[in-house]
Structure formats: structure tokens, C-alpha cells
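You will see subunit A twice below: alongside subunit B first, and alongside subunit C after that.
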Partner chain A sequence: MAGFIHNRRLLFFAALCLLICLAALAAPLIAPNDPYKTSLLKAFLPPGAEFPLGTDRLGRCLFSRIIYGARMSVFAALFLVGVIFTFGTAVGVISGYVGGRADSFIMRVTDIFLAFPDLVLAIAVAGFLGGGLTNALIALGCVSWSKYARLARSQVLALKGSAFIEAARLGGNSPLQIIRRHILPNAVGPVVVTAALDIGVMMMGIAGLSFLGLGVSPPVPEWGSMLNEGRMYFHQHPAQVFYPGAAIFLTIIVFNLFGDSLRDWLDPRQRTRAVCEPEPLAKE
Partner chain B sequence: MIPILFGVTLINFGLMYISPGDAAERTLIADGARVSAEVLEARRAELGLNRPFAVQYFHWLKNLARGDLGESYATGRPVWAVLSESLPNTVLLAGSAMLLTILISIPLGLLAAVRQNTAVDNILRAGSFMGLSMPSFVLALVLIYVFGLKLKLLPVVGGTGLKGLILPSVTLAAALTSGFVRQVRAAVLEELGRGYVLGARARGVKERYILYFNVLKNALLPIVTLIGISFGRLLGGTAVVEIIFMWPGLGRMAVEAISQRDYPVVQGYVMWMAAIFVAVNLVADISYRLLNPRVRYADEAA
Partner chain C sequence: MECLEVAKTFKKSGRLIKAVDNVSLSIAPGESLGLVGGSGCGKSTLARVMARLTRMDSGRVVLDGRDISRLNGGELRECYRTLQMVFQDPFASFDPRQTIGRGLLEVLSNFNVGSSGQRKDLVRQALESVGLNVEFGGRLPGDLSGGQCQRAAIARALLVRPRLLICDEATSALDAIVQAQILNLLRKLRDEMGLSVLFISHDLALVRAFCSRIAVMHDGRIVESGPAEKVIAQPEHPHTRLLLSSLITLGESV
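Now for the complex of A and B:
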């Protein structure tokens, strides 16, 4: 962990991410107004003392809505990445360690999920099960877990034949102990990097589905749905779109820079690999 | 490939099966009639909705094999007709975005690799980083604001002509180009480090010749696969851009079908997109084998 403290770039972006999370948590303290309070008389006000960024079409405070919106984007994305990271890694590690028929079956299943272009499966899930944040998260989760499973599996396969695993087995460790003590700590690095870089991707996914009306439903403040509401009044009131747009863009940039520095720290050889670019389908 | 498509049908049908409401309800309500429980039950029996899951699934699969995806709840038209109407527009949009991406990213990637760690390289790297962090809907709105509303150069929305194609293609190409530039740069750098480049330089072959005829040719091999996979993804990822620019393509149609709960259309869309995606990947795979003598000879030897 000592390297973490000395890596200034990584530390800086980790702090920025933490700051965004704290701001989202402390939304009720920071936001000057109630994000749900409508007042048609105050619609489309320019920025002023009462409303720092002005108001939207229903007279709600834009600034407060953006601050509250951070909760949705940031925490939903973190939660989602946490879940698919855990699930995908577990599936991949078990699949790789057990091997044989179970392994080929699990890999077949990941093949099926990889046969959908990302947004199409998300549209299918959200379309059949209805909109809402939960379904949007299920949709995005379905699309992305298989990537983790494949990555974790390939890590395990690379480790499985090593002498130290053999030694642990001969030493009388149970498979579960070997996985927990010896395989996981050595296999998890690249998967963690993928997860860090996925936070921004998931933020984009959640905002995108909300933008399409398949994610968070109004009146809950969320950046994607704010953009969708605002774009109808874009012509006369570009601020309606620019503030939430800038909020998404800057937040994703900060989290991507964090993921990028984390990768450089954990795996300096892979500097040239693209951020966010989905892994090409694994070939065997 | 066949098991994959089979799994896709299972997921697709399963999602439809567990979705709230059923076809009997939907079609009757679409007719605008108030329905009693008996009428509903009769319609269910008529449509075969009271049979077990497996029976329904195989019935659906049998129809699918004949290309019959059912009829739209909203309009009553065959789903394949609805889909084939919008498909060309999506292919046109994705194709022009892909073309734009290739035209921009290969020269830029090459430039970044040749000028490695210079200001040019750093600017390109920062640019591609921003491009990857910019959601397409934000970029689309910014482009509409600048080119449509402020400069008044291009139509804001609508228009299927060449002018209407520019902004949506640029939006789609932006994120893709950002990823491609990095990949091309990495591929070129890898080739530049190989022995044959050193050998050619030692023999006095012109640097420009090495770059264009040896390095680029070899570096483009992995890019071909990338183009194939990205094109498949692009076809499935146009929904947001199509909606913003009112482009009459598949994605917009699917999202509209969702808002009308027109499940057969959504189902048909998912089936088509998955089939196209798998097919495009297969073509990319085959062309990679054809283009790469190393893989080809290894296959023939095996």
C-alpha cells in the first residue's frame, strides 16, 4: 500500500472521486433549495442569488437538482460495478479453477451474453420489464458481468499450473482455501483495473438509459433524465442542457482519470490500452 | 455460433414471457375495446398463451425459423416489414460513422505513433481521453447547439439527406475515433519495434516506404478485427443518437416500440441485432484469417 501514498497522481484523482461522493452524500447540506419544489412562476429564471444556476421549466432549482442527481449517477454506478465485479469474478474464478464441463458450459453462457451489442440487451431488459432504476441496473449488469468472468478465468488459468498452487494443494489446503488465499490475491489486479475503468462506462449507461426514458423516471433528479427534459427547451434555454451535460462529462472524466492512474500503478505495461473501449471478444 | 443464437432466442423469449401483461391483453386493449375476463381468456386460448412455457417457446422458435416474428401489437403489420423499413437507415448511419472513424483515426494514430511522446502525441491522447468520457447524448446536443443553432450550417433535427446525416455520424464517430486512435497508435508502435523495421532501415529503405508499405500493412491487421466488432456494436448502439436527431432507424423504432409496449417489435429488434452482431463478428474473424498469412498457414497445417 506504500506505493499508493507515494503515487501523487493516483492519490489526487482518488481524492477527487471521494470529494464527488461526499458532495453527493451531503446533497441536503449543499443544495440551497428543495430539488422537487416546483413553482411555475419561477420557470426558466436566470442564475441569481436564490438559484445559483437558475431554474428549469417547472421552476425547480437546477443547481440543487444537479447536486442531488450526483447521488443517482455516482452511487448507482458504484453499486453496479461492485455487484458485477463480485459476481463476474466469482463465476470466472470458479469456472477456471473447476475446469472441465462446468467450465465449458459457463463459457458458453458468457458467449451468449457477449452476442448482444451492449445497448440492445439493455433495451431488451428495460423494454420487457419496464423502466425504472432497478431494471436499468439489471439491464446494464446483464451486459457487463461476462467480461469480468472471462478476465478472471483467464487469470486463474494462468495461475493454476504454477508450482506454488501445487504446493498449497500438496500442503493439504482445501480448494476453497487455495482460491481465497492464493488464487484471488494474485488474479484480482487486472479485474480491479477493469472495474475502475468501468465506473465511467456505467455512469454513461445509466444516464443514457434515463435519457431514453428507460432508467430513472422523473421527477427524481438524475442527469440523463434532466438532459432529456431540458432538450425540449434547448433553443431558448441552452443552460437547461449545458449544466447537467457538464456535470456528467466532468464526473466521468474524473473517474476515468482515476481508473487510468490506477491501471498505470497496478500494471505499467498496459499503458497503451484504451480506456473505456470494451474488450474485443475473447478468442480461444 | 448456432448454440449462441439458440441461447439468444431463449433469453429473448424468456424476457418476453416474464414481462408484465400478455399479448391477449395488449392486442385487445390496442383495439380500444373494454374487455371482460371471458373474452380475455378466449383470446389467450386462441393465441396459445395458456400453454406451458416450453410449448410456446418451440412454437415461437418454429415461426422464427421461417422468418415469422409475429405482428406488431400497435399496427398489426408483420414485424419483419417494420424492421426492414428502418434497417437501411441504421446501416447507412453506422456505415458513414464507421467510414468517418477509419478516415480520421488511421492517419491520426499513425501520426501519434511516429511522434511518440511529443506535443502532438499528448494532444491526441488528451483528445481521445475526452472523447471517451463524453456521453453521446451530451456531444449530440453540443453539436446541435454549435452547428445547428449558432452557426445555422446544418439542420437541427430530421432530414434523411446528406446534410441530415452529418451530425449524427460525427456524434457516433467521435467516441469510436477516440478508441481507434489509441489502438492504431499501439499497433503501429508495436510494429515499429520489430526487427524487420530495423533491418529495412539498415538496408537504407526510405523511412516513408517502411511506414506506409510495411508497418501500416501489418499494423492494420488487428484493426480489421476491431473494425468488424465495432461495426456490430455501432449498429446496436445508435438508439440515443437516432432519437436526438430524429433519424428513422432501428434504434429509434425499438425505443418507440418500448414506450407503446409493442413487445413483438422489441423482440424482433433484439433478435435481428444479435444475429447481425454475430454475423459481423464472424465475417471479421474470417477476413482476419484471410488477411493474415500466419493464422492462415497455421490453420492449414492443423
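Now for the complex of A and C:
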């Protein structure tokens, strides 16, 4: 873990991610106004002392709504990624380790899911289940777990035949112990990186579904639905679209760059380099 | 240890390849049997079948009078108290993320050897017995040299005090000097512990230096076997002669 501290880029983006999460958690402390309080007299106010970013068409504080909206985007995305990461990895590891018919069956199922364009399938599922955040999450989860299953499986297949897994078997490990002690720690790196990069994708997915009216339902503050509400007043009041859009943009960028730095840090080639180098004779 | 009529066939691009073709061999307690043959003759496959790492098509593997060829799960794990193996690539046979010491401790706890307090001592003794300092226990396999890593692999295999050790080309990935060191180490430990060894190699000279009996394998069959001196002095099968004539000695021009 020592490398984590010395990797400034990774540390920087990890800190920014943490900052966004903290801001979302501390929304009631940061937000100057109640995000639900409407007042038609104060509609479309420009930024001022009372409303730092102005107000929307119902006179609600834009800044407060964006801060509260971060809760939806950030935590829903983190939760979703956590669930599909766990589920997809478990399925992939089992599929890869067990092999045979179970493996073929599971992989055909993932093929079916992978064959659909993500957002189209998500819209179909969300449309079928109806609106609401839970259904949006189910829809996004349905379309994205298969990627993790595939990735984890390929990692397991690469490891399964290696001598250290056979050595572990000779060392008295049961199949479950082999998976837990030797396969998971060696297979999980690339999957974690995918998960980190997926946080941004999920945020976009949630915002996208909400924008289409299939995600979070009004009046709950959420960036995607704020964008959709502001869309109608775009010409007169561009700020209505600009601020939620900028919030989505910046948050996704930060989480993606975090995932990117994480990948650079965990790069498997850096890890195994020592193994490939010819060993000097003198050491023996 | 005996294996009887073992057969294993692989399917490769539609063609059946008989990797091991009804091979029978036995190793007496305390005996070192050398299995020689060229690449792809099936000697490694035979070893893996005997260690139950690969499924066999037919035949039996008998360990101490007990048929182990159909054992599974816990019963098979118990067999590994008696039978252990050292692999060709020392680095690949260790989990790259696990320190050597933890890998060794894991074996002890899996087989319930000693109390948890004693295990650290046992690991230290095992490392010392193969000529490694205790500090190697804290290192990752990637931080060791090939020879050190193979010593650690031998220490790991001998932790449970097995009676049969299968060495599958255990020295072929090492350079000549380290190879000799590992061979001497194996010889020393074999004599100390009264081990039976199945020593697999493509190098007749190495096998002769280590084994009392030699079996020559060719195309999935054992074509000749007998006391080491006899097989080398009076080879009967043409393939054995070919292997012998291919040995390059110093001073000879190829």
C-alpha cells in the first residue's frame, strides 16, 4: 500500500472523489436553502446572496438542489457499482473455476446481455419496470453486471492452469480456499479498475435515465432531472441547464480520472516485472 | 507407489494424441526413479496424473497399497501428506502476491501440523534445511532468484514430511551451477528423510547422477527401464541410444 501514498496523481483524484462524497454527505450543512422550498415569486432569480447560483422555475435554490443532487448521483452510482462488482465477479469466478457446462451456460447468458447496447436495454428495462430510482438502478445493474462476469472469468481462466494453483492444491487447500486465498487476490485487480472507471458511467446512466423521466422522479433533486426541467427554459435562462450539466461533467471527470490513475497504479505489468527479469547469478 | 496401466489421451485439433499410453511403473520406498525422455514424450503428463492434478482416462495409481485414482476432496488432500511435488518453474509455483513464509504457513495449517505457535518455528526450520535464511520468509517470490525460489519450493513440498516427492523437471529452468546445488540439496534431503523420489528430466546425465533406477519414455510409452548403470552402459532400445548419443561432453565438437 506504500505506493498509494507516493502516487500523487492517484492521491489527488482520490482526495477529490472523497471531497465530492463528503459534500454529498454533508449536504444539509452546506446547502444554504431547503432544496424543496418553492416560491413562484422568486423564480429564475440571478445568483445573489440568498441563492448562490440563482433559482429555478419554481423558485428553488439551484445550488442547494445541486448539492443534494450529488447524494443521488454519487451514492446511487457507488452502491450500484458495488453491487454489480460483487455479483458479476462472483458469477465470473465460479463460472471460470468450475468450467464445463455451467461455464458455457453462464457465458451464453452474459453474451445475451452484452449483445444489447447498454443504455437502450436500460431504457427498455426501466420503461418496463416504471420510473423511480430503484427501478433505474435495477435496469442499469441488469445491463452492466455481465461485463464483470466476463472479465473475472478471463482472469480466473488465466490463473487456473498456473503452477501455483496446482501447488496450492498439493498444499492441502480446498477449492474454496484456493479461490479465496489465491485466485481472488490475483484476479481482482483489473476488475477493481473497471469498477472505478464504471462509477462515472453509472452516474451518467442514472442522470440519463432521470433526464428521460425514467429515473428519479420530481421533486427529488437529481442532476439529470434538473437538466430536463431546465431544458424548456434553455434560451432565456441557460444557467438552468449549465449548472447541473457542469456538476455531472465535473463529477464524472473526477471519478474517471481516479479510475484511470488507479489503473496506472495497479498495472499488472509493473507488478510482475520482477518475475520476468533474468536473475543475476551472484545472488544464489 | 505404483501406477498401473495409466493412459491419458489429449484431443488436439481433432486428432487424438496418446500422451501416456498404458504406462506402468513402481517406486519402492527410499528409491529414486529417474524418468527420462524428450520433450512431449508424456513424462510430465504422467507425473501430473500420478499427483492427481490431471484426470486420467484409465488405469490406477496406488500409493502405499491404496488406490488413490478415484479419491476426491478431503481424502485426496490427505494423500498429499504422503505425496508432494516440485514444479519446473519455481516462480510460477508460488502465488506472486503471497510471501514465501505465508505460503509455507498455509500448508502447515491446512494439514494441521503443529500448534499455531509451533508453525513459525517449523517454517524457519524448513527454510534453513534448504539453505535459506529466515528473512526469505518475508519476501515475495518475485524478489528471489530462481535457485532461491526453487529451494523454497522444495522446503514447501517437504514441510509435511511426505514419503514420495515428484520432481517434474525441477532443475531444468535453472543454470548449470544452481542446478548442481539444487541436485545436491535434493540428494541430501532424500538421504536424511528416506524419501522416494520420482525424478523427471530430459537430461540423462542429471538422472544418472541422482537415481538408482531409470525409466526411458518415448511417445507415451516406457521403452526401457532398469538399474541406472545398466541402462546407460548397455542401452537396449534405439531411443535410449539416441538419448545417450545426444549427450554433449566437453572437448567434443558437435
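Operating definition for what follows: the second predicted complex is superposed on the first by the 267 of 284 C-alpha atoms of A that agree within 3 Å, B and C clash if a C-alpha of one lies under 4 Å from a C-alpha of the other, contacts with A are read in each partner's own complex, and residues count from 1 in each chain.
Definition applied: a contact is a pair of C-beta atoms (placed from the backbone, for glycine too) under 8 Å apart; a residue touches a chain by one contact, two chains touch by 3 or more.
No experiment lies behind these values; they were computed from the predicted model shown.
Trainee: When the two structures are overlaid on chain A, which partner does A:170 contact: first (subunit B), second (subunit C), both, or neither?
Mentor: second
Trainee: Which partner chains sit in contact with A:234 here, subunit B, subunit C, both or neither? Use first/second/both/neither.
Mentor: first
Trainee: In the overlay, answer first, second, both or neither for which of subunit B and subunit C A:185 touches.
Mentor: After superposition on chain A, A:185 lies in contact with subunit C alone.
Trainee: Is A:252 touching anything from subunit B or subunit C once the two structures are fitted on A? First, second, both or neither.
Mentor: In the superposition, A:252 contacts subunit B only.
Trainee: If you stack the two complexes on chain A, which partner ends up touching A:111: first (subunit B), second (subunit C), both, or neither?
Mentor: first
Trainee: Which partner does A:211 contact after superposing on A: first (subunit B), second (subunit C), both, neither?
Mentor: first
Trainee: Tell me which partner touches more residues of subunit A in the superposed arrangement, subunit B or subunit C.
Mentor: Result: the larger residue contact count on subunit A belongs to B.
Trainee: Residue overlap on subunit A between the subunit B contact set and the subunit C contact set?
Mentor: Subunit A residues touching both partners: 272, 274-275, 280-281.
Trainee: Using the touch rule from the top, collect the residues of subunit A that touch subunit B in their complex.
Mentor: 108-109, 111-112, 115-121, 123-130, 200, 204, 207-208, 211-214, 224, 227, 231, 234-235, 238, 241, 245, 248-249, 252-253, 256-257, 260, 272-278, 280-281
Trainee: In the complex, go through subunit C and note every residue touching subunit A.
Mentor: Where subunit C meets subunit A, its residues are 51, 53, 73-74, 77, 80, 84-85, 87-89, 91-98, 103, 106-107, 110-111, 140-143, 145-148, 153, 156-157, 160, 175, 177-178, 181.
Trainee: Mind pulling up the subunit B residues that touch subunit A in the complex?
Mentor: Against subunit A, subunit B makes touches at 3-5, 7-8, 11-12, 15-16, 18-20, 129-130, 132-138, 141-142, 144-145, 149, 179, 182-183, 185-186, 189, 225-226, 229, 232-233, 235-237, 239-240, 243-244, 251, 254-255, 257-259, 263, 266-267, 269-270, 273-274, 277-278, 281.
Trainee: For the complex, give me every residue of subunit A touching subunit C.
Mentor: It is residues 162-164, 166-174, 177, 181-182, 185-186, 271-272, 274-275, 279-281, 283-284 of subunit A that touch subunit C.
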